[in-house]
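Residue numbering begins at 1 within each chain, and the chains themselves are lettered A, B, C and D in the order written.
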Amino acid sequence: MKFNLRARLTAEFIGSAFLVAAVIGSGIMGERLAGGNVAIALLANTIATGAALVALILTFGPISGAHLNPAVTVADAIEHGITWPDALAYIAVQCAGGAAGAIIAHLMFGLRWYSMSTHPRHGWSLVLSEFVATFGLLSVIWGCSRLRSGAVPFAVASYITAAYWFTASTSFANPAVTIARCLSDTFAGIQPADVPLFIVAQLAGALAATFLFRWLIPNLPTHAAEVLVSH
Amino acid sequence: MKFNLRARLTAEFIGSAFLVAAVIGSGIMGERLAGGNVAIALLANTIATGAALVALILTFGPISGAHLNPAVTVADAIEHGITWPDALAYIAVQCAGGAAGAIIAHLMFGLRWYSMSTHPRHGWSLVLSEFVATFGLLSVIWGCSRLRSGAVPFAVASYITAAYWFTASTSFANPAVTIARCLSDTFAGIQPADVPLFIVAQLAGALAATFLFRWLIPNLPTHAAEVLVSH
Amino acid sequence: MKFNLRARLTAEFIGSAFLVAAVIGSGIMGERLAGGNVAIALLANTIATGAALVALILTFGPISGAHLNPAVTVADAIEHGITWPDALAYIAVQCAGGAAGAIIAHLMFGLRWYSMSTHPRHGWSLVLSEFVATFGLLSVIWGCSRLRSGAVPFAVASYITAAYWFTASTSFANPAVTIARCLSDTFAGIQPADVPLFIVAQLAGALAATFLFRWLIPNLPTHAAEVLVSH
Amino acid sequence: MKFNLRARLTAEFIGSAFLVAAVIGSGIMGERLAGGNVAIALLANTIATGAALVALILTFGPISGAHLNPAVTVADAIEHGITWPDALAYIAVQCAGGAAGAIIAHLMFGLRWYSMSTHPRHGWSLVLSEFVATFGLLSVIWGCSRLRSGAVPFAVASYITAAYWFTASTSFANPAVTIARCLSDTFAGIQPADVPLFIVAQLAGALAATFLFRWLIPNLPTHAAEVLVSH
């Protein structure tokens, strides 16, 4: 079944908004309740994000492919899974949806509708972390969507759950989420000055995994969105 | 396979009772053991609720659709998935089952069989939270039940697990559970005066998601219960 | 595919041993590391038990039905899913396997091979808890094994994960595990004097759920083991 | 679909690197944030490792069988699921990948690229723990891969999640990971002198389970990799 572009963009918008609301909202809740123990706050943040990804990819995957992430959309366009004009529209609504999700999270927790983050996240180890995190994310997506597409929601959610803890950056791995998180001076925030290098590292990781899996699994359909939708 | 109304109502009653017992009981246990760390208590509450939803929807979904939630039943009636007389019967047993679950939870923990909650939960940010929480819940249900019905138990449980943390209200998202929780002056309680606005927000969120998905996925069977049962 | 009785009993023995080792071992580890916070110890205990159940039922379900629990075997015999002589053999090896698991757990943690528990667990609220816990467990098993047998491992594991927290007794729900836990004076132990009432309550809960589901889902195959094996 | 050896070895290398990075990285993060509560650090370590295993086995299982573990590869060679020359190549890249993963984890967290562990892990109770842990792991793999191959990723991940807590050694259960962890003087490390006995115990447990399941499930295809790939 093929959905028209307006439906697909709506799905990407709502899905990205819920994803960012889950990341930022659970960060606020976790920090408020954890009594200063950052590990417990991050555990809550992790569980909420992983569980939200399962639900959102199951819900919106059949409509839009549930990219919810410009790095995924760019990789899919490179592999001819989505046209470049559609990809640009996807990326625009992912960023807009992410910003909307940040605002909704703030309003749900009684905060001002936005606040620029002052949370520093820089240094080469964090940039390497984002490269590794997104390389792994795209590896999981290409490996599963080509060979076991029904497992993608669980594989992606499990991967991000793990990567929150095994990367030093807590694995943003998503340019739209990264931009949205600079609008929130809370637990999950990132100061605007650190955003560009994060995005560069994310795109580089996504491209590296895409080219690796083009070589690893060459003879299979490469249209991620189609595989997801047709499941 | 089609079950008769008496079997379906029994399933809704037992399922709602176990759901509320899980929410209230795990709140009591979590608070007793957590030594004052609210995040740890809520983590236990979250894990118990999410896991209970997986088990209950898998168990009762094939019999009654496992609505366990008047907001779901109303949305399903609007979409002609259940007749209005059946829907009213569903809602009545969901509320009765929820109250029974609260009582059972209290007796299991050696408390008086009921106690009116004095836990205040008001303010516009909490009302917005309930709107968002139920909008998301119904989005997940409509998205999955129309396109991937076998995944509904996991999608709904994952969604609620996340929403416990990313909404400021810990995502009640269910009028029958909300009423039952006002009968319990424990961790999960809500004082009776705050119940009506919660329910209004929940129904508004459910309707908004229902109309959105009617537009997003128009050409598919819209009978939620049937899809769940026939799986 | 049908396995011979010796293979099935071997599966029940090893599965029950691993189940008890998981319950007792993770209790010891959790208590040692949690620094006095009982909620964190119980969270570790819960996650280990739930995860072990997923793995063990997936592994041994196709061989023996993965009852690993005399209450399940008795219920299955009542429903003609297993002959009574086979059921008695199952129960014997479940108890022997459980005791072996307790001993292995002690040896892995450098403790004396057994120690009678001094952990009191009595009072009517705990007895009610065990009735409710086992009623729920058998409801989940009968609901899923008759209508969605592939989901049984996840449904049972999720149910027990929840019931650890929503019952006051942490949901033993298994006579063989209860007996084995009285051999361990550790976090998960139960003093021998409290065992008989636990077992009575568990069997009563199992029977109540079995008769309820015989009425709820009358026209379906009732051979639990067969459904699990043939999956 | 059959992949050539170079693709399969690449999959084993990347998968083993990510597995070790997940184990070591999440150990570093957990310990840094947990404020001295070892149970919380180990909980984070456990969740990250279990979630990583789901993602990695789903991703690389269809390509190489996702052994990621010399004990699994040896067992598979014994059962004629992989030729011995291929098995030796698998083991070499698993060890190399594991070492690479340790180095990447250190660099992501801004540590020196390697450091020999000074974490003592010895005594017969730990050796017994590794025997039991690997016996259980191979039991899960043989039980599931022969009878329910699609469930292997979830069964293995669930098993390891449980075994982190129910064995006294936190269940290394993998010679390549054990070697890699001696290169890291962090939470997950093991001092080099304790590695040999761990590996002996792991291989003994793997062999014991392999011979047991050869008897338990005799008439089925025994080629683990093939079953996984053909799923």
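Just so we're on the same page, a residue touches a chain if its C-beta (ideal position, glycine included) is under 8 Å from a C-beta of that chain, and two chains touch if they have at least 3 such contacts.
Small disclaimer: the values here were computed from a predicted structure and weren't measured.
The chains in contact with subunit B and with subunit C alike: there are none. Under half of the residue numbers at the subunit A-subunit D interface are used by both copies of the sequence.
Set against the Cα centre of subunit B, the chain with the most distant centre is D.
Chain centres here are Cα means. That of subunit A falls 39 Å from that of subunit C. Taking the mean of the C-alpha atoms as each chain's centre, subunit A and subunit B sit 28 Å apart. With touch defined as above, residues shared between interfaces to two or more other chains in subunit A number as follows: 37, 40, 43, 47. Chain contact topology: the protein chains form a single closed ring, every chain touching exactly two others. Those chain pairs judged to touch are A-B, A-D, B-C, C-D. Subunit B meets subunit A in the complex at residues 36-40, 42-43, 46-47, 50, 123, 125, 128-129, 132, 136, 139-140, 143-144, 147-148, 151, 154-156, 158-159, 161-162, 164-169, 212, 216-217.
Listed in rising order, the residues of subunit A touching subunit B in the complex are 1, 3, 7, 10-11, 14, 18, 21-26, 29-30, 33-35, 37, 40-41, 43-45, 47-49, 51-52, 54-55, 58-63, 104-105, 107-110, 153, 157, 231.
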